Structure formats: structure tokens, C-alpha cells
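Worksheet for the structure shown next.
Lettered A, B, C and D in written order, each chain numbered from 1.
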């Protein structure tokens, strides 16, 4: 049976008429992606909440696209009427990562922004929140960035029990099995 | 009584006997091991028959259970709790995470070797150790206490500088309160 | 027969008796709870081991003079009220006379709260907020259960025109009856109040370990906790003996005493094992419903 | 000179002199008032008990003398007066209008002595009014909330004064004399209903001062609002004037047939005690708490007096003396905290025990006495009260008293915990122990609390003398005061106070020695920040104090009782009166024509009624 995308199409139309410089993609049923540049995120979120009834904020997450030298921020919001998950995605510069503060729309964004600030080092100007979220006294590179060398840090900081030196790298085998390539930046983790 | 190399006076013997048979434990539910404790304490395995019972605060406790992985953030509190306990006191490390890091061997915020930071009297192996092994651990600790060998606290006092150095390496900006009892 | 040395040794013997009996009762309680939960449970002498271990533990810190004195207040109250309670009735064993004839029921009721208030002061000085919360819960709950208890005591005093415990015991000896049959409502009210007095479940919100980290005793370890456990077991004996003396005709010898007190002790223990925990205001209103009703009935029964 | 006149001249003259001294030589003022009160005490205690003076002013025969009952209350007034004025010299340091304060202070002491010595109703009323006004002037001394606190106090005092005046007029109308001795002789000749009316009117007059329900609403504001040095006297001695008046009425003016009035008063006092205790429990200001607690304690005293039995009256008077002692100490201690720490709000101040150890000791002793816990004096009073009520078949009153005094443990603990125990907050780190002139009166008074628990004889003997004058037979054994140790109730049951004391002291000392002896060398003090708190290291700025909503669970349980305050009823009554006056104003609207209509209507009504009932 052919799936009909009536409400998704409607959303597409509404967003397309309201905003010009955005790319909208209907991924599957009840899932719509919106790719926007960073200054459009706040208007889209506001518009979706106030006009289209997307009043439930689900998630804010961050992806480190180290290959493109970018961070991707994903805001997931949801409407109880249309039951559509609306993904608002934006990419920001990795060298100077700042993003607009959006916690005035939904208060719970506060927590996500604190986490992202701590784990990825993305600043939210104008955002007032507790400085520390999970980590205490962290001085190194934010640990969720992919250029943070976990193993080196662990070897420097923590002790090692004798007899656990073999440390076979299973990633190589997994990569070979699934036919993928380990990217260059991750090569240095391998033990050989 | 136990072996001749380790002759004890009668007072010491009584003390050790009561200590071994009355362990007030502070179960510091740090990791997944905490879920094994209800089973250990309740009807099926019944640790209370060995004299093990829960204590609510470190002031009353004899035995500190580190049940599983310890993040550096938790380590601070564990050290504090350990130092608030009164002598004589014992520590049991639960599971492979406390022994060698276990599955968190390369985690940036989980310590791998508990006995570098606080003295551990008994380790219980496993991921997680089942209640049977937990009780075996209690038994082992009781044997050590009876023989007067569970002297982790004394070791900690004697090598305080060494322990402090290790702790400071992980806990950089944390005010470690002076330990002097 | 009346030298000071004799009296002192009698007092010591009474204290030892109360301590031993109270400790064993505590152990038996743990055993009973364990058996009901289908466990083996600790040996019944487990509490002795606990106390000896606690005394042998180091206690290298204190939070000030009042904390130091808190457990002392508690044990003082226990031992002093023990001294004023007739352990055996009639001539009994002369050793256990102590100061029986120097106080009466009103005095005892007041003496019995001395300890908890002193203990509360000790807990207060530690500065631990959990202690203070536990204390407020305990004192509030005390207002609840003291009222039906005192009502039943007043009913007895009114019925037999005496306020002394020995007087009540003598009446039971002469009339060859137990006061629990002479004034059953008073007995019911007193037993319901006793549930609260023992601070066992469902009235154990005072030191609920999961809520307030054992409440008033959360900063007490080592010798302090040991002293308090001893005081608690002596106090349990005091309460049970008081009930036996007043309602069950006292005991002619130690074996009878043990049987009667144990039978009474089973009531709060068994009621507690199968009960969840009341909140403080629920506990207060619990005592101000049926127990209060029975207390009023008891006084009416006594005055007509 | 007659020592009664000397006493009055000393106090009232001294009052005026202290005002002048404050104006011209303020440096001598403090020494002067203390010396003056010492002198007053000297004169009072060396006075011959038969001293009497009679004179006539404007045809009215007046008589002054100290009866033995009055002497008992006089002891409270003079000693507490001396101690509280000593305390004032340090407590009032640095405040302005001290001449005003000391003048009124001495005026109220003098008027109290005047009330006690007057043996006729006119001088009693005269001194009563001086007392009311001088205390009112001190209540409004601080100048805060005058319209609420001061107005309430003066309105209720005025109600009391008017009903007293009415009673005096009725008495004079029937007996033709103001002299108490004449009245006591002839009062029982008048009709019982008038006797009852007189008694009730006088009770209202005295009940206001002793803060009996429903006349108690002024007390919490007035007690907590005046300077603590005066409140010690206010609650300790001034309210006892009401108790003194009660004793006059109950034992001399009410015949034995009118047992109902005793019951009513006892029950009113019991309800006062219970409700005031509940209110005290939920207060968070130490002053307010003590004020409500005073109301409750006065309830016990009145219950004792109203029970009418030997032991009950003795309990009432004993508690009256002891209440002056321990409540005086407590108000002084709270005043010391206020002076040193700047606030008595228990949600703010905490952990002063190490800063003010002696103040704490005094308050601890007084609290133990207040709670009635053996072996201190309060227990003796409570014991006698219970025994008296039980032996005289007042079973439900016993329960009420017991409920009140069990709930009193709650606020007893609250005040000690709130001010002295708990977390030591850094903002009170600067607090120092109170100066000596404040400490000495507190410690002396708490010494009396301790002593009276083991040797109650030295208080019971003057009480017995007073009770003989009320017509009771002396029942205390004829021995020295330090030998009196056994108290009996009327069923022959007893408590041996010295055994209690010896037993408690011995056990306490032995246990304390044992617990201290074990490893005391290794033991060291840690601050209250070093507590077990799930491993967190508590920093100095972390607030770990538990003070707000302290007895919330208890409050929830007793909430049905506290929902309607009696204060609200008075407010409603006041609002109702306002509406009534509004209506009256609408009738008297100043329009002549309306008045003419009213007159016509009235005449018509008269005409109709007259023809119908009187037939003209």
C-alpha cells in the first residue's frame, strides 16, 4: 500500500511559504527534516511552536562532523496533533562554535545546552545556566569532541592493572567484517 | 586460635570476633553492583545471618562497599565517606570495574584501579558478582578480620601521602579535607 | 539487709538483668522478622556482638558537649526509670527493690521522656539536618501516643485510687486478678499506645534509614551508638515491665517476668513486621482516633 | 517611718529620680536603679509581717498591709524586679529614652507592690491602673506596631478595668465598705446570683492580666514587643497579679456552693493551656514562642488554683513562683541572644551554643524546669498538679494538662535547637557571650530552678503560709526546708525528690565518666559542617540549617484546631460593631425632618403599646 504523506506535505508547504532559505525533506512517515542556517533556527522553532502547534520539545543533540570542520545541532520537536517529529538541523563552524540561545522557548533546552556546552564546548551567548553539568573541574578538550584522544588521556591520568596490556583493538576487525574503512583521524587509536 | 604465627591476646581475639560477626556496611551504590545487594540481603541469600546489616551513615559503618565502576566525580565522595568512617574500617571492591576498569577500561572519567586511591581489603570478581560471590567476599573479609589482617585503614594512615598524591592526580581542584583520625 | 553496698549491688543486678533481657529481645525480634521473611536471620545474641563491637570501635570526633552528653542523658533516663520500677511483685527477690517506693506512675511517665529529650539535644548539636528532622518527627509522634497512654494510666489510677505502681500491683495480688481484665479498655488503649512507644514499624519514621539516614543517630557512631543501643534495650525492658506490673499483675519470679514481658513484646513486633510505615501526621491521627476513644471509654469505665 | 510607706516612697520616688538622673547625670543611672532595687529588697525582706497602715481620704477608709499571700507574690516581684533591672542595665545599653524606660519600669514594680499591700478595693484599683499604664508605656516603647500590639493591650486592659470597677461598685452597694476584711465577712450574706456576678466581673478584670482565654489575645504581642528585660518581669511577675487576684476571688469571695465557677475557670484555663501550647509550637520567633508559652503556663497555674484542693492550690502557687523563675530566665536568655546576635528569628539564627555557653546553660536548665522533667523544680509543680487533679476526680482535666505539657516538649526543644543548637552559621561567628550583668541574673534564677527540684521546701513554706490565710490547714511536716523531700498526694502516694536527684545525678556522672574516659585523648572537636551528607564536603557558605516549617507534620495533624483563631473572632466582632455604628450613623443623619419622624414614630409606638398593655 502506498503511504500517503498528506500532513507531511502540508507541513512542507507551510514551512516553505514561511521560510525561503531552508531545505525541507520528508524522510519517512511522520518525520520531517529541516536544514537551515544557524540564524534561521530560532525563527523556525518559534514559528513551529506558535503557529503550527509543535509545542513539545523532544531533544537537542550535537554531532561532531570533524571531516567537514563543522558541528551539527539537531533540535527535535513534536506536535501532539499531527504526530510529526520535526528535525531542525543546522551546521555551525567548528573553530568558533557559537549558537543562539533558545532556552526562552522551552525551559528544558537549558539542560541540553548545558550538556552540549560542557561536552562539545559550544557556547550559547546570553545563556544563563549553571556552569558545570556532569563533569567537575574539566580542563582538557571537551570530551565528546572527536579530536579528544580518550586513550591518551586515560593512559596519562589513570593507573593500569598489570596483566591487561594486550588490549587487542577490536575495531579493525569489526570494520573489516562490515566492510567499512576506519577514517584517518581515528587511525591513531589503533594499537599496532 | 587461627594460626600460631598470628597469636592474639584474648582481648584482641574477642574484639576481632565481634568485629567479624557484626559488620555494619555502607553500601555506596556507585555502579550496577548495587542491584546485587538487595538480593544478597533479602530472603534468598540472607547476608544478615553473617551479621552483616546496613548502616545509614558513615559514622556508624564498618564496611564500605564500592559496588562497581567509580567515576572521578563519585570518587571524591567515596574518599570523603571513607575518611568519615571510624576505625576499624574495611572496604570491599565489587566487580571487575574496581579491579582493572572492566568494560570502562578506556573511559575518560572512570578510574580503573580502586586500590590506588583507597585501600581495599577484599575484591570480589565478576561483572557483576552474583550474590553467592558477594557472600564469599564477606566470608573472606571475616577470615581476614579474625586473623587480624584486614588492616587497610592502618595502611591508609601510614601511606597517606602516597594515596593523597594519587587522588590529587585525578581530583585536581577538589579540596580534600585534612585526614587526621 | 539494707546496707548501701547491698543496695548498689541490687541496682547493678537489676541493670544487668534489664540489659540482658532487652538485648536478647532485640535479637529475638530480628530472628522473628527474619523467619517471617523466610530467612535464617542472625543469631539471637547478635545484638551483644553489635554492642561490644561498637564499644570497641574508635570514636575520634565529637560535635560538642551536648552531643557527648546526649547518649548519657538517654542512659540516665533508662536506668533511673528502671530503678523506680518494681521488677518483681510482692516480696519477690529483695535485690530488685531498688527505689520502688520513691516514685509513682506520674513520675515514671515524666522520667521516660527525659531520655528522648536529652537525646534530641545531642542530635541537635551535630548540626545534621537529618537528625533535626528525625527529632521533630519523634517528638510530634510522642504527642500522639502519650495521650492514650496517659488516659489509660489515669483510668487505672482513678479506678483504684492509687497512683503508685506497687499499689496497683498489690491490688492485683489481693483481688487475684489482672487489671487488663478489670479495665479492658485501658489495656487496649495502652497497648495501642505501646505500638508507638517502641518506634517499631509502622511508627518508625523517626529513624527511617532510607528517608532521613537513621534520623537522630545519624552522627553517632562507635561508643555513642553503643551506649544508645544499651539504653534502648534497658528502656524496652522498662516499658515492658511497667506494662506487666500495671496490667498483668506483675511477676512473682524472673521466669514469669520473662514469659509475660515476652508475650507483650510480641505485640509491637508482630504488628510491626506486617505493617508499612506511617507518615508523622498519619501516626498522630492514628493515635488520636481509636486509642483515644478507648482511653475515654476507660476513664468512663473507671469513674462509674 | 512605716516600712510600707517607705517602700512606696522608695520605688515611686526612685522612679522619678531615675528619670531626672537620666536627664542630668546619665552615668549614675544604672548604678542608681540597681542600688534602689537592692534597698527595696532589703526593706521588703526585713519588714515586720504585722506592719499595717490605715488612713482616710475623702471619707473613704483605706488600709494597707501585706497578707501572707501577698507576701508570697511580693517575693516574686521584688527579687525578679531586682534581677531584671540588673539585667536591663546591660540589655538597654545604647538605647535612647532610658529615663522613660526606667521610670515606667520602677512604676510598675511599685504599683505591683501597691496592689499586693492594698487591703481595700479603692487602692487596689488605683495601683492596678498605674500598673496597666506604666506597662502599656513600656509595651509601646519600641514604637513598632503600636497600633496592633499596644491597642490590643490597652483595649483589653480597659475592658478588665471597667468590669473590675463595676464589681467594686456592686460590692460597695451591698456591703457598704471597700475594706477587704469587711467584704470577706459580709459577702456570703448577699444573694448567690449577685455573688456570681461579682465573681465573674472580677475574674474578667484579673483574667485579662493573667491572659486567660478568651482574653489572651493581647499577650503574645505585648510580651514579644516590649524590651526583653521588661518582658521577664511582665510575664514573670506582672501577670501573677492576675493570679493573685484570682486567689482572692476564688478563696475569699466565692462560697463553696459555687463549685461550678471553679470548674468553668479550670476548663477555660485548660483550653487556654492547650491552644496556647499549640500556637507556641508553630511559632518561629523565639519571643512569640515564649509569649504563647507564658499564656499556657498561666493556664496551669489557674487550673491549680481553681481545683480548690490543698495540693492543687499548692501546685498552682508553686508553679506561679517557678514560672517567674524559669520564664524570667528564658526571656532574659532570648534577650541576650537578641542583643548579641541581633535577631531572635529562629529561621535565621542558629548554632550559638559554643559562642554563648552560659546563656545556653541557663536556658537549658530553665527549659528542663519548664517542661517539667525531673529532677528540676518544674517537675515538682507538675507532679503536684497532676496528683491534685487526679485525686479530686478531674480526670479529663488531667488529660488536657498532659496534652498541653507533652506538646510543650516540642516548643521546648524548638527554642533550644533554634537558637543554640544546629549548624553554626558563619554570619554569627562574631557573636560573643552576654555581659556579666545579663548573665548573673540568668544563672541565679536557674540556680533556683535546680534547687527547688530537690529542696522545694524553701518555696513551699511561704506558699503554705499563704494558703493558711486562704483557709487551708497546713499539711507540710514541721521540719526544716532542706529536710523536706517526700511529697504526698491525698491518697497517700508519694515521690521522694532527693532519691530522684541522687539517682539521676549518680547515673549521669558515672555514665559521663565512662563515656569520656574511653579514648578522650584521641577525640577532637569537628565543626558542624563536618557531617555525613552523602560524601559531599560542605563548604562554609552551604546552608544546611533545618529551621523553616520545623513542626510541619505536627501542624498538619492539629490544623483543624488552629484553623479559626480567636483573634479572628474579635476582628469579626470589631467589623460587626463598625457595621452597627454605620447603621446608627445612617439613622442620626443630621436631618431635622428625619428626627421629627423618629420622634413621631416613637410617640405612636408608645401610644399603641400604652393602650394595649397599660390601658390609658
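Keep this in mind: a contact is a pair of C-beta atoms (placed from the backbone, for glycine too) under 8 Å apart; a residue touches a chain by one contact, two chains touch by 3 or more.
Just so it is clear, the model here is predicted, and its values are computed rather than measured.
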### Message
From the C-alpha centres, identify the chain that is farthest from chain C.
### Response
A
### Rounded Å distance, chain A centre to chain D centre (Cα mean)
71
### Summary
Distance between the CA centroids of chain B and chain C (whole Å) is 36
### Query
chain A to chain B: how many Å between their CA centres?
40
### Query
Cα centroid separation between chain B and chain D, in whole Å?
59
### Task
Among the residues of chain D, pick out those that touch two or more other chains and give their numbers.
522, 524, 530, 532
### Message
Show the residues in chain B shared as contacts by 2 or more other chains, in ascending order.
### Response
57, 59, 76, 181
### Query
Considering chain C alone, which of its residues make contact with at least two other chains?
58-61, 213, 218-219
### Query
In graph terms, nodes being chains and edges touches, is this line, ring, star, complete or other?
other
### Task
For this structure, give each pair of chains that are touching.
A-B, B-C, B-D, C-D
### Sites on chain B touched by chain D in the complex
28, 57-59, 76-81, 84, 175, 177, 181
## Note on the structure
Touching chain D in the complex, chain C uses residues 55, 58-66, 68-69, 71-73, 75-76, 79-80, 83-84, 99, 101-104, 106-107, 110-111, 113-114, 117, 120-121, 124-129, 132-133, 135-137, 139-140, 142-144, 146-147, 150-151, 154-155, 157-158, 161-164, 167, 213, 218-219, 223-224, 227, 279-281, 284-285, 288, 295, 299, 302-303
### Query
For chain D, which residues count as touching chain C in their complex?
351, 353-354, 364, 371-374, 379, 382-383, 386-387, 390, 393, 395-396, 398-399, 402-403, 406-407, 409-410, 412-413, 416-417, 421-424, 489, 491-496, 499-500, 503-504, 507-508, 511-512, 515-516, 518-519, 522-533, 544-546, 550-551, 553-554, 556-558
### Summary
chain B residues touching chain C in their complex are 14-15, 17-19, 21-22, 24, 42-43, 46, 48-51, 53-57, 59-62, 86-88, 181
### Summary
Note: in the complex, chain D contacts chain B through residues 522, 524, 530, 532, 534-537
